[in-house]
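Read through the structures below before going on.
Shared between the two complexes below is subunit A, which has subunit B as its partner in the first and subunit C in the second.
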Partner chain A sequence: MMHSVADEDEPRLTGRGIRQSMSQLHTWAGLLLGWILYAMFLTGTVSYFKDELSQWMRPELAYQAQVPDQAAVAQRIADEFSRSIPGSSQWSMKLPDARNNSVYAFWRTGPRTPGSRGGFGEGYFDPATGQKVTARDTLGGDFFYRFHFQFHYMPVVWARWLAGAAAMFMLVAIISGVITHKKIFIDFFTFRWGKGQRSWLDAHNALSVFGLPFHFMITYTGLVTLMALYMPWGERVAFQTAAERQQYAAELSAFIAPGRPAGVGAPLASIEDMVRQAQDRWGRDNAGRVTAVNPGDATARVAVTRGDAGRISMSPQSMEFEGPSGRLLRVRESVGAAAETRGVLYGLHLGRFSDIVTRWLYFLVSFMGTAMVGTGLVMWTVKRRQKLPNPDHPHVGFRAVERLNVAGIAGLSIAMAAFLWANRLLPQSLAGRADWEIHVFFIAWALTLAHAFVRRPKAAWVEQLWAAAAMLALLPVLNAATTSRPLWHSLTQGDWVFVAVDLMCGALAVIHATLAIRTARRQPARKAARKPSSSPAAATASRQEGT
Partner chain B sequence: MSHLLPFMLCLAGFAGLAFAMDRQQRNVIGRPLKAAATYVLRVVGACVLLCALGLLVTWNGWGLALVIFSGHTSLAAGLVYCGLLAYVKMDAR
Partner chain C sequence: MNVMVDWGRVGRLLLRILAALCGGYVLAALASVAALALPISKPQAVLTGMLASFGVYAGAVIWVFAVRTAGRAWAGLLAAAAPLALVAWMVRP
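Let's turn to the complex of A and B:
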């Protein structure tokens, strides 16, 4: 990430200093999983607005100007459950809040029996009617969120290990980058225009250093979110009995394990009253989830959890009620120090506590991180081009990196835009529609890779950047043509979610178009500058083609 | 409002710190400032950043304040940097 040009321009000293070692470590740790890291960074960045993106991707759901009363909504949905899934042994609903205009719920279908956990169902519900919504079938912004740490088309556990390896490489790249960058304060505000490799380096350094606290935090906490997978041994040794494991689980989530039902019917008491108590305690719009186990049975329990707003911790806080009587059994508002440390680190990564401004800060600095990985990848080729014996016919490794850069960076923008296009264009009656949106994402990405290998690098960059710019710029037009919520309508209605998505598409289109124009204007390397060697000035002139 | 003032302070703080650097002084006014002026800029810049942190801690408590401060400083430093780039670019024309 942050190499010192001086290290490259000066003759190598005998013996390898720590900086040279770290520089190499930084270069290779950054490159090997760099494309995966770039994709993780960009999809993670977008995920800070996953709920808003989900709203945009379900245009059938009306804009929610005000958060509805969560207590009334919870009762409405619970009534619907008692009608539609009467035998369920467990259901759980995520109440609407300032960022969600629908209720996401999942449930077990049928009672648990020995040897069988029953099936699962899930769906989105309209807070106003309590009925299942008939919006288009889509994963919404959750696709980017899930892709961010478990990719797709591969077993979840493998994917999470791969994401963990990439995050570990990132952590190594950050630490080695800081050690390598010897002028971190002197060069703090330095940028040198039109100096080829130096300019790339300055941009890379600025993106890295300004956001350094965030980059370090987000990488480290990313690893913490999946620490139980990566390092399970402590927990295996410490918690050996079922009771210990249950207590451990309770420190991490508000999940109530369904006990054995008594087989004696007893209707649930007022869910509305339970949520009302949670509202009194945590604020009107700050109940998170309502979960019921064995509803309709004498042993029923209901848990209402606290929402995420305003507290930097994912540690569970909940109120547990006796189902049939509605009596408050206990309130949990704290966990042990170790669990809370994990909860805070987890919370920092997800940023769900954020108000809208802080969320934008998360987004923008994370976007800087994405650009940091992108500039680092491009710089790998910029730095090496000058050393190639024949830049017109680089070796196979160089060619592969060059083309993977095109598809990994510009191609990913196209794929993500294609996903949104598919959301608007795929017929609603298509079987497996949500899956097809994702297939379109990967088909588009694969096509960009094929294109990158067929075309010359510079042409591939320019064409793909223009394609991404066009797809993003036309997305608001497509939205206007295919839904009843065009930009002018959203503006007059004060529907800021749709306004923001439309405007963001425009802003991102401008960024891609600017990059395309700058890349297209770049002069190809002059033949005279190709002599291997000798003068740094000559070398500087030959670096740019194709980047 | 709880974001605007601390962010403006961060912007001012980083502007001060940037002008306390030799390269930026040469780029913007064509010559280095006196050592005393540079020193004052550096101290004032740092103090203004600390003021922003102080305000955020007072309003939001340490946890949230540190997160928001980190965001404000990253963005403010980036904006000062872009401002300097634009100035140098325009000046060169």
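Let's turn to the complex of A and C:
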């Protein structure tokens, strides 16, 4: 690794020099956190359909053909809270909308006393009954979503720093990748099929250049989503008083700080009426979240926030009500310019504003980003294999990268499919069932890593790609066997969430099978590609393209 | 391994990596604090500094690896950091 660093003492032509050092920066920034980036990209891509995946993973909840009246649902759940968690100092519920058929809520389980902030609870509720859902215990699509930026089995803050470091490496890899390519648009229209390293390079270029604005946007906005964690220094210097901090927090979120309860009981006024006012303002299905602080106390406040549809920005918009009287205290619909910019960048990253077409575009371009990272990782080995002193016994670093690629790319597909299999197969009564779905994901992933280290790389690739293809292809079959919502049923019922997940599994299975077949046929092509690369012309060409 | 390790070169590379990872972050942090001097309200200035900081960080990393020597990389970072540090010192409470 060290001997490939540009020699500083050697005089160079400036133009080529910078391109070479950028090429090396691109290679190493891309490789070091490449597997983490790949996993972040793929789980993030899937998360554009997190709500739909969550529906698929809770098959007990009926398909929601029409969004239920949010105002009535909010009242139903609030009544349930006053029964089940009396004395809670705060609760918050996310109302059902076009993409969600359940209500996600979290709450503090007791009054806040000095020295104790009270415990937290969370759960999913059935909009029709107001009761906790009786569906299987699962994290649903939220597992991939959370994994995307905080992984698992590690402290959240460390994990988010790791995700931030990976995003920063990505940003550097994108910029240095662009500088490396002087003929970036010509490269984009060049594709050399079946030429080993050239084909990998062309695929990597095409995937990167086509989605370049998206890749840059998604990386930068990803950093923005957690910027308060990564860059807290301005905030620390600027705000010295609690009032200043509160004013700042109001620019970022619609949450209302719970004041000191008066200790005087007063029931909440009609939540239904409050949500009704929000519906009049923002649209029938476009109330987002209802939050109450000190419910049941004379000091209670209720905030209804605006939903995701109809605008890109995630900056807070809310209506705040006095709890006992139901009187509208204020409407907040604007924040400062920088806060709005942050809201738009945040919104662009999550893509929650998008309609179904935009959402699929997000998914497809993000999928290309995943493939960009994947092809980049594979290219690292393909390129180096030609220069190995003895290709039959590569050095340990090369072998490690080769095998980590198998488990990091093909293995992740298996692990993600295994997670969905576990969702259908784990017994309902299993204690900690939702956690076990996740354990299965990691056990499957660990097995693919072990497999990648005991098998020859090519065999490992082919076997794992076939395994992933089979697991994905059989998911609709498994779904038909274990639920009352098989594909033919969903098709006739117009249950498009189940139709889409089943068909998507089929499409992904085809992609994995295609890759498996191509990899299995690869060997002769790679040998053929090695000979010309030892000719002077090809060697020059490969040098110009960087390391 | 029959590759001769050139320790001088390794050291210079490590200096660059240090400049990129740590120097770049410190520069970005200074920029985010210096943004408080902007003639806008405090919350907006804080957010502006945060939003821009990742661009500063990425730019610093590119600079560190684009220039010809590790010394020049550090010199550039320091030259950019000095005015930012001065502004940051002036906006402190």
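Convention: the second predicted complex is superposed on the first by the 508 of 547 C-alpha atoms of A that agree within 3 Å, B and C clash if a C-alpha of one lies under 4 Å from a C-alpha of the other, contacts with A are read in each partner's own complex, and residues count from 1 in each chain.
The criterion applied here is as follows: a contact is a pair of C-beta atoms (placed from the backbone, for glycine too) under 8 Å apart; a residue touches a chain by one contact, two chains touch by 3 or more.
On a predicted model such as this, the values are computed, not experimentally measured, just so you know.
Superposition model on subunit A: subunit B and subunit C are shown accommodated side by side without a clash.
In the superposition on chain A, A:L25 makes contact with subunit C only, while subunit B stays out of contact range. Look at A:L348: by the touch rule set out above, it reaches subunit B but stays clear of subunit C.
In the superposed model, A:I312 lies in contact with subunit B only, and not with subunit C.
Of the two partner chains placed by the overlay, neither subunit B nor subunit C lies in contact with A:G283.
Once chain A of one complex is fitted onto chain A of the other, the partner contacts of A:T358 are limited to subunit B, with no touch recorded for subunit C.
Considering which of subunit B and subunit C touches more of subunit A, the answer is C.
Touch criterion not met for A:G432: it reaches neither subunit B nor subunit C.
Residue contacts after overlaying the shared chain place A:G234 against subunit C, while subunit B stays out of touching range. Minimum C-alpha separation, subunit B to subunit C, in the superposed model: 18 Å.
Residues common to the contacts of subunit A with subunit B and with subunit C across the two structures: none. Those residues of subunit C lying in contact with subunit A across their complex are 3, 5-6, 9-10, 12-13, 28-29, 32-33, 35-36, 40-51, 53-55, 57-58, 61-62, 65-66, 68-70, 88, 91-93. Residues of subunit A touching subunit B in their complex: 186, 188-191, 193, 206, 210-211, 213-214, 217, 310, 312, 344, 348, 353, 357-358, 361-362, 364-365, 368. Interface of subunit B with subunit A (complex): residues 3, 17-18, 21, 23-24, 63-64, 67-68, 70-75, 77-78, 80-81, 84-85, 88-89, 92.
Within the complex formed with subunit C, the residues of subunit A that make contact are 2-3, 5, 7-8, 17-18, 21-22, 24-25, 168, 171-172, 175-176, 179, 220, 223-224, 227-228, 230-231, 233-235, 237-240, 244, 247-248, 251, 336-339, 341-342, 345.
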